[in-house]
Structures are given as C-alpha cells and as structure tokens.
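Here is the structure we will look at, set down as structure tokens.
Labels run A, B, C, D, E and F following the written order; every chain starts at residue 1.
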Amino acid sequence: MGGVHPPEQKLTAGKAIEVLPVPSVLSIPLGQALGAPSRAVVAKGDAVKAGQLIARGEAFISANIHSPVSGKVLKVDEVIDTSGYRKPAISIQTEGDEWMDGIDRSPELVRECLLNQEAIVARIKEMGIVGLGGATFPSHVKLMVPGGKKVDTLIINGVECEPYLTSDHRLMLERTEEVLIGTTILMKGLGVSKALIGIEGNKPDALEALGRLAGAYPGISVHALKVKYPQGGEKQLIRALTGREVPSGRLPLEVGCVVNNVGTAFAVYEAVQKNKPLVERVVTVTGKSLTRPGNFLVRIGTPVSALIEAAGGVPESTGKVINGGPMMGKALTSLDVPVVKGTSGILLMDDTSSARVEVEPCIRCSRCVSVCPMGLEPYLLALLSANEAWDRVETGRAMDCIECGSCQYTCPSGRPLLDHLRLGKARVGQIIRNRRN
Amino acid sequence: MDQTVLFALLSLGTLGTGSAVILYFVAQRFKVIEDPRIDVVNELLPAANCGGCGYAGCRNFAEAIVKNESLEGLNCPVGGNEVMQRIAAALGLEAEMADPLIAVVRCSGSHEHAPQKVKYEGASSCAFAHNLYAGESGCPFGCLGLGDCVVSCDFDAIYIDGSTGLPVVDIRCVACGACVKACPRGIIELRPKGKKDRRIYVSCVNEEKGGPARKNCAVACIGCGKCVKVCAFDAIRLENNLAWIDPKKCTLCRKCVAECPTDAIHELNFPPRKPRGEEAAAPETQTQLS
Amino acid sequence: MAKRESSFKNMVITLLSVTGIAALSLGGVYNLTREPIAEAQKAKLQQAIGEVLPPFSELEEHEAMPADGPDPLVFYVARNADSIVGTAVRTYTDRGFSGRFTIMVGFLPDGTIHNTAVLEHKETPGLGDKMDIRKAPWSEQFRGKNPAEYRLQVRKDGGDVDAITAATISSRAFCDAVQRAYDTQQQKGGEKQ
Amino acid sequence: MEYVIIIIAAVFVNNIVLAQFLGICPFLGVSTKVGTATGMSMAVLFVITLATIVTWLVQTLVLDPLGLGFLQTITFILIIAALVQMVEIILKKVSPSLYQALGIFLPLITTNCAVLGVAILVVQKDYNLLQGVVFAVANALGFGLALLIFSGIREHLELMDVPRRMRGVPIALLTAGILALAFMGFAGLV
Amino acid sequence: MKQLTISGSPHVHGQDTIRGLMYGVVLAMVPAMLVSVYFFGLDAVRVMLISVGACLLFEFLIQKYLLKGPVSITDGSAVITGILLSFNVPSNLPWGILLIGALVAIGIGKMSFGGLGRNIFNPALVGRVFLLISFPVQMTTWPIPRPIVAEGITDAITGPTPLGILKEGLRKGESLQDLSSQLPDYLTTLMGNHGGCLGEVSAIALLIGAAYMLVRRIITWHIPAAYLGSVVLFSGIFWLIDPTYYADPLFHLLTGGMILGIFFMATDYTTSPMSPSAQLVYGAGAGIITMIIRIWGAYPEGVSFAILIMNAVVPLLDRGLKPRRFGEAIKAQ
Amino acid sequence: MNQLGNFTKGFLKENPVFVMLLGMCPTLGVSTSAINGIGMGLATTFVLVGSNVVVSLIKDLIPDKVRIPSYIVVIASFVTIVELVMQGFMPALFAQLGLFIPLIVVNCIVLGRAEAFASKQSVGSSAIDGLGMGLGFAFALGILGSVREVLGSQSLFGFKLLPGDGMLVFVLAPGAFIALGYLIALIRKA
C-alpha cells in the first residue's frame, strides 16, 4: 500500500566504516532517548572514564548515558539541540583514552551468550541501548513484554529505505556476524524462536552476506523486500514480512512482533557480549557536493562540524544540513550540535535541490492519498488542520501518520502537507491528553 | 346567510377550535423557555462574537450575565465599560469598572536587534515553526514573525511591520485576546491601556541567562535585576531571568527605563525626555495613535 | 402591552373568532368574485373559440371519444343563423415534451383548418412554447390547410409541417393533437353522442 | 409503472427544489452540514406524507362537497401548522430519541413551501389518495436527495477559500444552479 | 557557507508539478486536435483558438481585476478547459456563443469557486451544458466532416450525429435494422468520419491520448475502467434483451463524447473523488447515468450531464468512501 | 425609527431577498420576467400591508400561545383574497404565477414581519413597514425578473430589445439560481 520511489543516491554504499578521531570537547545531551530525559550523576569538575555512567535513566521509559571518552566534566548545563532550543547536556573535555574496567574492546567475536533472559534485559538497560533506527526508544523496554501479550517474532530492520543513508548497510556488510549474534541475543531476551531480517532488494551484497551466515543461527531468516519508501517503517515492515497489520494506535506487540534496527542488534551484541555501553555509532556523512563522503564510527557527543570536516568540509553551495535522510531528517540550525544516539546520517544539500517548490492550490489529484502508507487522506488532514478543525483531524486518524513525508514528496502542488499534519498531530495529541486527564 | 359563507364559517371554525385545543396542550408542555432579559442584553452587545469575554459568542455571554445576576468579573472587551454600563442599567445591576486593556507585543527582536541566522522555509505559521525549531534569530523565546496573531485578529488591529519583522498593535485593538491565544510563544500580553495611553513594560520574554540571551538579541532582558532595584514601588518581579512589570503597581515613573542596560524596557506615548545624551532616542513606538 | 393571558378559554375563543371572522370575510369576497371568476374562465374559452373560427352567432357543445385517446374531445359547433360556419375542437396530445397539452383547432365545414390556439401547456419556455401564436408565428402554417391533403407530420418524418427548431417533439405532438381532432371530427364530428 | 413514473418524475426530472423551486429556504438554510441535512430530510419526508394524506382527505371529504375550494389555502396551512405541532408533542412522548433527531427541524417545516406546495399540487393534479401519497413521498425523496448532495458540497466548500464576495449564499445558489443544469439532463425521462 | 535553511521534512520533492501534469494532458489531446483539423478544416482551428484564447483571457481578467490575486494562467488548466470546451461544440459554432461558453466555463464554473482546485463541477462541461441548453439550435447543428484533402471546401453541409440518428429513429418507431443503413459502421466511428463535436469524432485519436496519460501515470485506471465497465454492462444487458431496439455496447462506446468523457473529463482531478473505491463508484455512477439518459432521456447524449451529476456527488463519496486504512481497528481511547 | 426609515429600509438595507434571504421560492419561481416578478411582488405587498395592519390591530387581544396560528389565519385570509381577486380580474397573470400565490402564506417575510414588527408597533408604522418591505420584495423580484428576461429572452417588460432568443438557461431553473447568486454577491458588502 502506498509508498514512493525517491532517487536512491546511496553515494557512500561502497565506503567502508572509518573511525573518526575523538574530538577534544564533547557535549552529551541528557534527552537522547525517547521518553524522560536522564538525570546527570556527575558534576562539574568530575573526572570520568570512557564508558562510565554519567546520567541515569530513571523513568520507565528512559535510558542510561555513558561517557564516550575519558576526561573532565566541563559543565552540566544547556546546549543548543538540533532544533535550536536549549536542552540540558554534559560537556566533557577529553583527556587521554582510559576505559572503564570490564569493557572488551578487542575485535574478537564472542558467540556464546551465557546470560539468561532477565540478565540480558538488565544488561541492555544498564548499557543504555536505545533503538538506533531513528526513534531512539529504549531497547530494554521493548524486551519487557507486558503480561498477557504474546510475542512470537523478532524483526530486524535492515531496510534503510531513506535515500543517501548507508550506515546500516555498511554495518550489515562489515559486522555481519555481530549483527546475527545480536539478533540471537535479542531473541533470547524476548523469548522467541523466530527472527526475520528484512532488507531492501537494492542491497544484494548485504542480503548475500547475511543470508550466507544466517544458516548457522537457528531461527533467523533473511528476506529481500521490494524497494519502496517507507518500507523500513515499523508497521510497513511487519506487514511486508508477516502479513500482519498493526491496528491503528497500537504497538507491534499487538500482532506479536518486536522490531529492532540492525544497528541496535549490533549495539546489543557489544553490550551483552563485550560489556560495552552505547557510546559510539556509525553515521553516514553524505551529500552530492561533499568531497569525501563516507561512513564514520563516531563517539556520541562529537559536534557535527567535526564530522563534516572529516568528510571534506562544508561546500560553499550548502543550503541545508540535515540530521538523518532527506525524507525524515531534521534540518539543523547550527553545525555545533552534537551527534546523539539517534543520528544515523548527516546530509548536506545545496540550495537548489533542497529548496521547496512553489506552493500552489491543491488540485485534488489524489496522489497524496495513493502514496500514503497508512491509508490516510493527507490533503484533507492538512486542510482541516489549516482550518483548525481539530476534531475532524482526530477522526481522520491524523495520529496514525508516521510522518514519512511521502505525501509532501509527491504533491504536484508542492503543498506543505506534512507541516500541517505535524501541527495537527501536535494539537490533537494535546487534546487527547487533556481529555484523559 | 349565504350557504357558502355558512359552510365556510362552520368548517374554519371547527378547524380553529381544534387547533386551539391542540395548541393549548402544547402550551401545557412547553413552559417558559427562556429568560426574556437574555434578548435585551444580547441586543446591547456588539455582536462581534469574538470570544474575548471568555464565552462562546455574544449570546452565550448574555446568558451568562443574566444567569449570574451580577456583573462581577464579566467584561466585554469590545464594547468596553460603556456597554457594560448600559447592560447594568438595563438589568439594574452594578457594573464593575474594568481598566481598558490593549494587546502588547513583548518582543523587540527585530531584524536589526536579533539578526537572522538561518532561513525558514515551509508553512507560514508560527505554531508550526515553533514546533520545528527555535527561530531564525536563534532566540527560542522570541517572535517568529509568521503572523499567527495577525491571522487570529478579527479587528485588523495587528499587523507585521515589514522593516522589523515584528507585529505591531494599533488602536483598533479591543483586547479580545485572540492573538494572545494564537501566539505559540506567549509573547502577547493584554495590559491596561494606561493613562493617556502611556505604558511601560518589559519588551522581552526570553528566560535564558544573560549570556545566551544577548548572543541572539541585542535588546533582550538579561535578568540583571537593575530595574528591580531602582523601582521604588516594588512593581517589578524577576523570575527565570526575566523581569515583568506589574501594571497595577507601576506608577509610570520611568526610572527603570533609563536603568535597563539593554533597552528591554519600553515606554510608550510619553513626552520626550529632557535631552540627556544618547537617551534622547525614544524606543520604537509599538502603538500607533491616530 | 397588556397581552391577554393564555388560558384555555381565551385561546379557544380567540382562535374561534379569528377563524370566524376570516371565514365570514372570505365567504364575502368569494361571493363577490364568484361571478368575475366564472366570467373570466368562460371568456378565455370564448376567446379561444373566437380565434379559431370565423364569426358566428350560436354555439353548441358536445363531446366525442377519439379512436386513439383516453379522454374525450370537446366539440363546439358554431352556427350563423342556420348554417354551420365551423367546428372548434378542443383536443389534446400526450406526446408533448412535458406531458399533455391541450389546444383548440377550428375546422371549416369542408375540413380545412381555420386556425389553432393553445389552451394549456407545460412545454419549455423558449422552445416548445413557440407553438403558441402569442410567442411565435409558427402555428400560422396550419391556417387554411386541409388535413385531407396536407400531411400533418414534421418534415423530418416525411410530412409537410416545418418543425420548431430544437423543439421537434413539441411540433410532432402538436400535429398529433390536430390529427386527432381532424380524425375524430371526420368520423364523429357531425353526430351527437 | 404509473407509480414509477411519478417517482422518477418527482425525484429527478421535476425535482422539487431544483426545478420547481419549493422549499428553497430550508434548502439554503439547513444544508451546511450533512448530518443536519439528513435529519431535515427525514422530518420533511414524515411531515409531507402526513400532511398530504390529511389535506387530501379534507379536500375530497369537506371542501369539494361543500363547494369551499376557495378555502383551500387557509385550511391547508392551518392543518399543516397544527399537524406539525401535534407531531412534535406525540414524538416527544412516544420516542424521545427520534425527537432529538428530528424535533428541532419540525418548527422550520411549518413555514416551508414544500409541504403546502405538494399538498396543493396533489389536489391540482387530481391524484387519488395512493397516487397522492406516492407523489408526496417521491417529492420528499427528491428534496432529501437535493439537500444531501447539496450539503455535501457546502461542507466541502467550507474548507475551500472561495472568493470573499461569493462565500456563503451566493456560491450556494450558484452551485444549486449548476446542479439544476446537470439535472436537466434527465429531461424527457418521463 | 551561507545561511542554513530550516524546514520540516521531507527535504526533497518528486518530479510531478501542476504544469507538468496539465501540459501532459494537453499533449495527450494533440492527436484528437489534429484529427479534428483534418475533418473540419480551418473551422476547427478557429473554434479551438477562440476557445483556448477566451478561457485564458477570462481567467486572466478575473484573477487580475476581480479577485486581485496572483495570475496563474500559465499553469495549463485553463488551456485544457479551452481545448475541451472546443472539443464539445460543433465546428460551426458562432464565435459569440463560444465566448459565452468560455466565460461560463471559466467565470461560473471555475473562478467563482476560487479557481484551480476549488471548483465542484467540471468547468468545460459547465460551459458546454450551459450552451447546450441556451442555444439548442446552434449546439446541435453538426457539420458533416469532410477531410481537408477532399475537394474544395465550400459551405459545410450539416448532418446528424450517430446518436441523433438513433434517438430520432427510435422515437419514430423504427427498429435498429431499419436505421443501420444510416448509421456509420464501427470503423468510421473509430476513425472519426461522422457527424459530431470537434473532439468526439475520432475514437482512435482519443484512445492514443488516453494511453499516453495512463502510461505517464497522469491518470489512474480506476475511473475510466469503472465508467467503461458500467457502460458496457448496462448497454450490453439491454442489447441482449432486445437487439432491435437497443444499440450494442460498442456502438455506445464509440459514439458521442463517450471516450472523450471517460478519459479526459471524468478524470479531471479537481472534480473527481480521492480514494480508489470512491473513484470506482464515481465512474460506475457516471456510466449508468450516461446510459439512462442515452436510452430513455430527451437528449441523445448523456455524458456531460452524467459527469456533472457525479461531480455533485463527489463530496459525499469522499466523505463516505475513505481509502483503506492501515490497521482498521479503532483506536482505544 | 422614523417612518421614512421604516419605509426605505426594505429596499436595500434590509431587503428581504438580497439581504435577508427570505421568500426564496417565489423569488426564484416567478422571476422569469420583470412583469411576473413585479406582479408577484405587488401581490405580496398587499398581503403584507393587510396582515401587518390587522395583526397590529389585534395584537393585544391575542393570547401568546395562539399567536402564530392566529397570525397564520389572518395572513391566509389575505392570501385567499388576493387569489380570488386575481383569478377574477387578472386571469392571465394568475395563470403565470400559479402555485406561488397560495404559497405567499408560507413566505417567511410575511409571518416574519407580523411577528417581528407588527406585533409590537402601531398600526401606522406597521402599515408603512409592510409597504416598505413589500415594495422592497417587489423591487428585488423586478430586478431579478428584468435580468432574467433580458438575458433569457432579450426583452424587457415584454418589449424585444434584440431579435433572437437569448440564453434560454436564464428562463429556466438553473438561470434563476445563477442570476440570484450573482446579484446577491454584487449587492452584498464584502
């Protein structure tokens, strides 16, 4: 159902993951995971080691944060986040490279997982693993299946349907076994015996690599999927792989599935087998005008400017710098913002290719309706939202919108459909919350 | 009597009586429906249906007035005291004298004072931009300049000044409060009009500490507290690094205005000060009279 | 404004008297206008007959069933002194664009059409209503024609009648009505039933 | 077949609103929401049918025999007015839920030409009781059809930025005009 | 680096634009335009030029002086309206009437509602039906096509359309067999050598354009398929019942404005429904109404009326027939 | 309000058709020509003046609960009088206006004026108000009738302005809606 085919532009698909040098100052926002921000457990002036817990996730949905480097805490204050608002963060001055004890940083594979289900979940929680597919939902919460619900399938999301981005792709190629072991651990943590890895058909090498090795891991199967955006959306992926549809407003649990990104599976491997907290991740730095686009293994908290520097510096023609891909990413207001757990890519676009087209009246061409993967009527929801008819926005199921942007991408009138939809969702969300209270 | 006339009389008479009987029973069932005074009050109201009174339309307000049996706390901003007085007379009640209010835009982050750092492209709506990012100047509190307030105003009393990029309220404002609700950043405040339209207020809502605030905007309130100290009437409160002048206590003495190091306090419609050097340049006028 | 109270008695009395007065005055007006209304209706018929026949002094009325129609036609036989000057036939057709319309056709004793007049119709204004002589001269073409040799059909169907442009249906229906009048008059016109 | 023709004629060809111009006020007045339009159509269906039966009876049993044809207007309107109010009372007693749905429209119907118009037309057309009822129902359906279509259009137009001057009644009339134009395509069906 | 730009996602846009789609439709109509020039000669050129020119002019004047808003006559929609209006009139229509038609189409049918995208009814059809009812004589006097390659262009001779012959004949009580000698054969109707409006004579030229639009995905198959299907089904049933009285489906498909209506006018975005299911109902409804009017109505042709009537129902269809939602269950409050 | 104001307000400021949108059915139904429109307008004026006068005369005698039925009876009586008189003395016009004469009863203007004005004001004012409103109605119908006649049959008051037929649409139902829609858009202040 629905979907679009934006040009793929996977410029960095062939670029092996490089390790980015550690910057001298990092700032680590406290609100990196979906849910409540974590509470800092260090203070100005404290010395920290790499991998040391510096902020604890205390709410049910929130995650621990660890120091990515060793050094001194400069301050616990506010920094500008991706959208320009100030958010609490810890700044650390790098000094040396001292890691916490017990962290195994050797490249050796550890296949056997000796922990039991509970211990796995506890370890994942401790190590601050969050979903790396974009939503940064704390992974341990996903593994704690509420009573009465039955989960039978783990789905590993290797789709990476966003144009330009290749970090998951590279990970699947270069850390194939780790991903598979991570998957096995997740299966164990969930208590399921079946895992499906979904990969878009445009990554034959990844399909081949995973498919070849998957035979050795019972219960894991690899599936090629149609190349279509947003195939990687959780609900779309579940349907593509299992034929099940997550009901409106419900979680994947409802249909017995849990979805995790391949990056998450890798992070889980490192956390469980190597005792390593989530302090670094793979980020694609790309853009047609960049001289050295590539995939980098980056410490959390590294400023975006350092990444771009590594990729050849900011070209003069740059109009937009996007955190994420062109379909769902967030435009940055400043290059000083740090890489966070959810940063999968940094995309530089020039003025012409990123400029919005002229807005004209909706001609009711119904393209937005036919591409919406959720079966919504974007033109109508946007219109209602512009008219502030919030009740009809709600009954039009605006809350189902996954903000994939297919509608706005395809609209020949260049209408800012998703802009209006987001506003509508925000308002309706507020209304629903008020109603509950 | 002519036969036709007789028949006519008979049949129409029967019908009439029949209707009367039916209607009598209708009448029995529908007792008094509505207080007639509601209509009286409704007639007196300006029929702007703006909702400024806090009720959904003029008629609802009229119902509330009649039901309340007193005018305490009820005010029609559009009609003002005059209308409330007339309603009071009609109902034999006392009208509470409300100070006339006007909308005040508490942001001076013009293009000049708070230079644009990034460019926004997308749906022209403050509400949307507010959800998306901090704003073109980087001030996460300041005016976004996309005019949600302008759209919300039924009285054409507010417009965006092209040179500053900020909204300006003019005398058509009836203090209905629509813009206050529309602004996602809570920049607009309804304040008493003041004697001779003179007002003093802090034209900033930035709650950041001084440093970050000034980084984005030259005229931001930095929360230094000088005004609080200089005010002899205890009219200024400082909370979250932001000063606010209580109009009920302020005597319009203008001391704070001179004290503010960033020119964040505005005075309106005062006669020019005796020349005291650079102070002569009056802050920009936010309300146009005439 | 001392309104009367809405007691049961008051209500009944009021309505009774209002309707009573209304009945009385309406009865009165009716009696006054009864004559003129009847006159007006008669005048209309008279005028129509006058239009379709040469001058006459007496009129005699009878009905006859047509061979192919559900309702009877009305014949007005006009005489001057003793000689019949013509017969006006009130005829109809159900093939009009908007259902039935009635026309009056005047035949001279030899069967020649003297004139036609439209009595009632619901045809479209501007199209079908052109068959009315007051709207358009179309129906003049029937004057002086004898259906014995004049084929009462529109040219499209092989007849001699020029159809009203864009209203062939009405034209056809008009011919149908005239034909019915002619046929019936030929068969039964003379005799009384 | 006769009844089919009456129905097709009344609903499509000579639609009461679009071709005969009866009941225009509620057509313009209660057509802003599809929900209200549906309620109004139901109420009109009910009242027109009832009124036609009663007025037909009064006409054939009282007015005609007594030669009181000239009292038609006054008796019919009185009957309709009284009937509507009676229906209101009964409905309120018998089915409060139905009253909720239809009740608010009933007062509107008293001063609606469609009801009186259809009652008079039935007499003018010399229909017998059954034909009269079919005619009345068909006209009410025609009214409902036009009202429903129209309310859908108006609800849609609400969201469109129609030029200021045309907004509201003018554009509604214009739409009704084009709708009437489209319905002329049914000409000649009967 | 200059200033960074901020906007919500997505940051890229597909290649479809209003202009691209509209001129695609114009391109799709070129074969039919050429055929009409071939058959009707300079008259066809005259009618098309006046119609398109007038539509553009009226749109310009209204946007500039009445609405006082931006002028968008280059977006191509008025061009389509102009061409389609000219396709819907006989080639000998006086220019005054053509101007009225363009004014009605653009002024009443489109700009009164606010212009592109807001209109309820198909503007070209509003213009056409307005003319048809206002000027029945001029609108139903069909010049007989005489290919420009044929000898000397003299005064056009007029003749009836195939549907006109059919309706007229049946009304007189003739059977189809009697009429068949007067009716053109399928090949003629397909190629277009018979009486009719400019754009309705050649089915094959229209079909080429339709195929182009389908391939380029300017239109989807839903509306045409439903329309076509219901026409074939409806006329087929009656044809099977009594082939001496009811014409066969192919005849109905190839004559009159059927192909033009199905592919170019019923598919107009603005005036057709949004969800696939609603589009199917819309197409089927239009097909059935077309056949009802053709078989029993006063007009020989019903496509225009049928589409206009279904246009009116579109808001209700949009309301009632929503696209299939992902995960149909209702959200728990 | 002064009497002159009472009289003139019906023409533009409170014009029943263009501004208050009352009595739409007769407005659309009989405005095929200027003469018809004005004839209908005058008939309505007569009923308006008559019923306004009578209502203001008897207003104090009528108990509240039977106010509406009593007014309806009064109005219906005047309508019937118009009906009978026209039938007798102007049969041609009567035939043209047809159904819409009895429908004056349900014309919202008449009852509306009786309710809103006459039941509160003196006899003199009521008469003037009725006259003003009625003439305003006639004025509106005259204008609409003229527009439709000129466009539809290229004549005015029966005199041919141009040879030929004009745009038939304006004689028929769709033209009525369209012409009225544009007239209202033209007149309204927006």
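Just so we're on the same page, contacts are C-beta pairs under 8 Å (C-beta built on N, C-alpha and C of every residue); 3 or more make two chains touch, one makes a residue touch a chain.
Because the structure is a prediction, the values reported are computed rather than measured.
Steps from chain B to chain F, taking the shortest chain of touch contacts, total 1. For the pair chain E and chain F, chains touching both partners: B, C, D. Using mean Cα coordinates as chain centres, the one most removed from chain B is C. Just count the C-beta contacts per chain pair and the biggest one is A-E. The chain with its C-alpha centre at the largest distance from the centre of chain A is C. Centre-to-centre separation of chain A and chain D, using mean CA positions: 60 Å. Each chain gets one centre point, the mean of its Cα atoms, and the points for chain C and chain F are 30 Å apart.
Look at where the CA atoms of chain A average out and do the same for chain C: the two points lie 86 Å apart.
Chain centres here are Cα means. That of chain A falls 71 Å from that of chain F.
Taken residue by residue, chain C touches two or more other chains at 6, 11, 14-15, 18-19, 22-23, 26, 30, 97, 127, 169, whereas all remaining positions touch fewer. Among all residues of chain A, those that touch two or more other chains are 331, 333-334, 355-356, 416, 419, 422.
Residue positions 65-66, 69, 73, 76-77, 80, 84, 165-166, 168-169, 172, 174, 178 of chain F each touch two or more of the other chains. Applying the touch definition to every pair of chains gives A-B, A-D, A-E, B-C, B-D, B-E, B-F, C-D, C-E, C-F, D-E, D-F, E-F. Of all the residues in chain A, the ones that touch chain D in their complex are 383-384, 387, 389.
Contact residues on chain E toward chain A in their complex (touch as defined above): 1-2, 4-14, 16-18, 20-21, 72, 75, 77, 114-118, 220, 269-276, 279, 318, 322-333. Taken in their complex, chain E has these residues touching chain C: 136-137, 140, 168, 171-172, 298. Across the complex, chain E is touched by residues 1, 4, 6, 163, 235, 239, 245-250, 314-316, 318-322, 324, 326-334, 347, 349, 351, 353-357, 360-367, 369-370, 372-377, 379-380, 397, 399-400, 403, 405-406, 408-414, 416, 418-419, 422, 435 of chain A.
Within the complex formed with chain E, the residues of chain D that make contact are 34, 148-149, 152-153, 155-157, 160-163, 166, 171, 174-175, 178-179, 181-189.
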